[in-house]
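Below are structures written as structure tokens.
In the two complexes that follow, chain A is the common piece, with chain B as its partner first and chain C second.
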Partner chain A sequence: MSNRVCIIGIGVIESDQPIIDLSHKELLFYATRQALDDAGLERKDIGGAITASYDFLEGRSLSNQYTLDSIGGVMKPCDLRLGEDAIYSIFAGYMEVMADPSQVVVLASVQKSSERDPEGLGYQKLIADSMEPVFSRPVCKAVPNPFGLESVLAAMDARVFMERAGLNEEDVASIAVKNMTILDPEGKRSGPDKKAVLKSDLLSWPIRKMTKARETDAACIIILASEKKARRLCNEPVLIRGIGWCSDQSHLASREQGLARETKWAAHQAYNMAGIRCPDKEIDVAEISDWYAHRELMHCEALGFCVLNEIGANIKDGVFEKDGDLPINVSGGLLGRGNAIGTSGLIRVAQIALQIRGEANGYQVPGVKVGLAHSWGGITSATAGVAILSKW
Partner chain B sequence: MAKRVAIIGVGMQKFEFRKKETVEEMVFDVTRNALENSHLSKEDIDAVVFGSAVDAFCGIHNSDKVAIDASGGLLKPTMRNSTSGSTAISTPILGYTHVASGMYDLVMVVCFEKMSENESAQAVFSTVYDEAFVRPIGLNVPIQCGLEARAYINRYGITERQMAKVSVKNRGNALSNPYAQLPMKLTVEDVMKSPYLSWPVKLFDTSPVTDGARAVILASEDVARELTDDPVWVKGLGRGADSVWFMGRTNNDLGRLDYAYMAAKQAYDMAGIRDPMSEIDYAEVYDPFTYKEMQHCEALGLCPEGGAGRMIDEGISLKGGALPVNASGGLQGEGNPIGAGMSRLCWCYFQIKGQAGDCQVPKDVNTAVANGWGGMYQYNAVMVIGRD
Partner chain C sequence: MTKKKNEMTIDGEIQIKYKWSLGKAGERFFTELRDNKKIMGTKCRQCGRVLVPPRIFCEECFVEDMEWVEVEPKGTLMTFGDSYFSTDGKRLEEPWMLGIVRLNGSDGGLIHFIGEARPEDLQIGMPMEIVFKDKREASIMDILYFRPVKD
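For the complex of A and B:
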């Protein structure tokens, strides 16, 4: 195909601590500035804007519109969506540029979990609110658990999966250790060990405090342009080679637990588009959703990185470690970096783009040509998106 | 180059207040209807695009997710778009990019809204504002639109009687629309006597709270030609958004909708239309308030700027007029389920196909335009459809 779509600018703002001195709009403003500088563009060059956000998490209706001014979307043809993970904005942006190659599109997402007490029960009620209201919601509202509904639902999923794959709690804990290990530029490792993970608070067996990603604040901007335009603008554009997205049943009762069907179908679509037949060999690095530690393994299976009964052996051999055959979540993933619900999906894409450019400071994997970014919409929505990026 | 995209089927449903059906049942109804009308089955559909304005209306977080199964989109790519009122047109535009980019051949676009599940739609709307600067003022839709209407009538010398005529026209047109919620036989005096909500906006200048859904099936050129002899093409589309601060609009004037002029220009440029007044045969304009229809007619170039009052006075926009606007009753007569205002596009399709029943206008319709207005009162989306 003559006209392909490239990522030409990246702007990410993340923090370990709650960001209290910057508002949603300011966070996005700074991220946009960063991305425009990265792409060598100015605000007037922006042709359109796409934002993604969740209304109920922001406590504001039409939360996606609210940030339009900060991303240079004023008096531009914009496309706004919500109720979707921000990785969906890559898909919408891709189609937008394919339909009109003259466009330069800004994709934006911001999440400030610190404004709503992520540990609080209000958030847990929200999980019930996203359930289908006639059959699933009454069941969910009846779950008595001081630590909330989310971990109870995740635990059902985890138990089925661990039984199917023959995994124990230690295997899952080792994933948490892998992702929470911080590598400093000199190669020194620091982070919790397996014992600390297994001793952390039990939320609902086998989900523990440290096998579930903590929530955080972040903003992310990605700028897309057609290949023709990108070649003029940017030394190192990153090509989008395949995209796929999919949703499974929202009725809890009719969804099969312990299977990531939505990821499997999204990946199928993306691999077809990118012409990838053996994902375990052709993909050099992957950033996938590890909202819960067991989910990383589930997604590895669904993405075709390994077969079900080899997961245990792969963990022991360190296949998914930074120096393994298929490094997964070398940036730390959601467990290591924190989960800014929604925005994290776009940050996964940004991380892969950095790896391909060779700019991932401190956790660069050598010789990356093809990378995969994956995001999963959480326990209640069962949506997944997959993007395959490659060197131009 | 972008592929051509055609509309090959439409799914309709009666608009009602407090519908008994759940969101899932509503979506099932319209998708089934659309599939039957276009002689397809749900297996043929490649992807589904949802449109629904505000989650808080039906009280379900990610409300499209509960309807995935009902739309036939299970384990298929589904995406949701939401731009408040303009969801009505920006969702089919998103569907258009699905097909025009070459990704999919058959895309189902479903817009739904269940507004009556909450206690007050106005309470929900008050949460769109900035909590530090604007929310404390206590704005809601009629007040905000009252401000805008006042700026508009001041700028162009529109009278309240002219606004009332639009209400009489649209509610009267709805009498022949079988899906309408609020068909009424009114006189200008009735409208003038109705109570003020926020001067100059009166009760009969507004549109009702509604539950309902609409579906449209989009197809790529090859598939459309296989399925139908008479496809209706998407000819042009445009979107425009202004600053979300209503006190900080680019032109510092609430009376002139620069963003709508911009969206219309984009759409007409793409469709190759130079003189909309003579080249457009029929228009379905987003009319949550009467003055809004007039503003949009001007922005879409259906009358000269500031000429919307004369347009209704001279009867140009009546059903039998030279350029009929909202012969289906518009949002005023048919009901205003924010996101499901995609009905405007559906009626353009019916008028072109000659399937509008009693709403059919007595003239040949080849090119029609529909628009949607929303966001935080600052976003406009325009779509031009027509035969070759």
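For the complex of A and C:
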């Protein structure tokens, strides 16, 4: 297996505040420069470039046309545009490197929620429009408060899952507390407690302001190369051992409710490829979609980290805490870091790669050998991707 | 990378109108709904599933071997959600609610409003029925809402 695929460069730019002083092109340039420097490469070394984001969220049709020059992709063959969560760029990039192991491929995603809609309701306005147009959309367009639609759909998802798993609001709030806890260099904890989460604005029971990730701005670049090439280029390539992705039914109402079927099958595919039989024992750390706090738990079940009726006990035993048996979202996840919709999927992969390199400053889990990154397309979608990374 | 006081921006907007075909399955479904207050599904002759919303093909067996069947306007509440907010952000006395109902004998489900009930009256798994609009125009909005079945 000399042509396995490795991550050789990482560039992430995130901010708690809207990044208004940089255009999306400048943001991508800085992230790419960071990743090239990380890999010790220059533009001439780039073989192909893949961009992934949602045109409607960016407000640019064919938005790759505007971003290729920022990622060193002008006049490079094999440039590819994915209108998908950016974790999908790992899958496409993997295939490009497998097809031509001499290629170095740049994966790019940018998302500036601060550029969308003056009231910050851009994503809310698009929610109804991402529903199936004939049977579902007219209903979703007719709700008295279109800006509340996302929360109501998420609440429908959470309610049936919580009933299946026998969880209460406190259980879900504890996930928000875990992911929003910040540890300073001296090990001092800060962040909201369970009481604060349960007192935050109720959007649609059980979805609250603090159990739903806020939107943010970010850019992420990952550079891939074949194992053979990576060995020459860097000391610590991170191996991509397994990938998998899957989508469920197009009609939201026809899907099995309270179950992340697409994540389960994406994981199944990735585990098979990586030769993983007991994910709860073989995976050292995971970054998974916690867009809504209950979703982290739903995805834990789908990823095989625990069985349904043990979720509550696992929360109480702190299994998913930083010092637990299977630390999840130690970076803060989407609840802690914010959700740059689409781009955050690639950031999950970057976070796991940093854990494997031992470079996750401030939240490094000791001795990480195998990690899992997961992303999910959001409440109206049923699309998920999984990548399993390991030490080379 | 932090917010500056004098950042400069330029406004933009994309506006396009669309017309969505109902398709063969949709035309039949919405015509029956409008003219006869009937809910029609398509039954796959191979796997036996009855699809509502209907399709002219079974996405599992991947064949076009379907027959039309009428489905009861009654079903099971799969899940629901409520909101106490109106567009202007004001708190409402009565919440608006959406739910997913799987009609009896069918696979799949419909998402629609829930009426004649308060959130505390609702339970996942309870029987629901369709209330039709009087003046119908061949759209999913010819259904007014689902309500709990009254004994």
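Odds and ends about this structure:
Note that in this section the second predicted complex is superposed on the first by the 381 of 392 C-alpha atoms of A that agree within 3 Å, B and C clash if a C-alpha of one lies under 4 Å from a C-alpha of the other, contacts with A are read in each partner's own complex, and residues count from 1 in each chain.
The criterion applied here is as follows: contacts are C-beta pairs under 8 Å (C-beta built on N, C-alpha and C of every residue); 3 or more make two chains touch, one makes a residue touch a chain.
Computed from a predicted model, the values in this text were never measured in an experiment.
Shared-chain residue A:L80: touches chain B; no touch with chain C. Once the two complexes are overlaid on the shared chain, A:G148 sits against chain C while remaining clear of chain B.
Within the superposed three-chain model, A:M156 lies in touch with chain C and out of touch with chain B [touch as defined at top].
Judged by the number of chain A residues each one touches, B leads among chain B and chain C. By the touch criterion stated above, A:S61 is placed in contact with chain B and with chain C alike. In the superposition on chain A, A:C140 contacts chain C only, with no contact to chain B. In the superposition on chain A, contact is made by A:H251 with both chain B and chain C.
When the two complexes are overlaid on their common chain A, residue A:C278 makes contact with neither chain B nor chain C. Of the residues of chain A, those at positions 59, 61, 133-134, 249, 251 touch chain B in one of the two structures and chain C in the other.
Against chain A, in their complex, chain B makes its touches with residues 2, 22, 24, 52-56, 59-66, 68-69, 73-84, 90, 93-94, 96-98, 100-103, 124-125, 127-128, 130-131, 238-245, 250, 258-259, 262-263, 266, 375-376, 378-379.
For chain C in complex with chain A, the touching residues are 1-4, 7, 9, 12, 14, 18, 20, 22-23, 26, 51, 53, 59, 78-83, 85-87, 92, 96-100, 107-113, 119, 124, 139-141. Interface residues of chain A, counted against chain B in their complex, comprise 48, 54-56, 59-62, 64-66, 68-69, 73-84, 88, 91-92, 94-96, 98-100, 126, 129-134, 244-251, 261-262, 265-266, 269, 377, 380-383. Against chain C, in their complex, chain A makes its touches with residues 13, 15, 17-22, 59, 61, 115, 133-136, 138-140, 142-148, 151-157, 159-160, 163, 203-205, 249, 251-254, 257-258.
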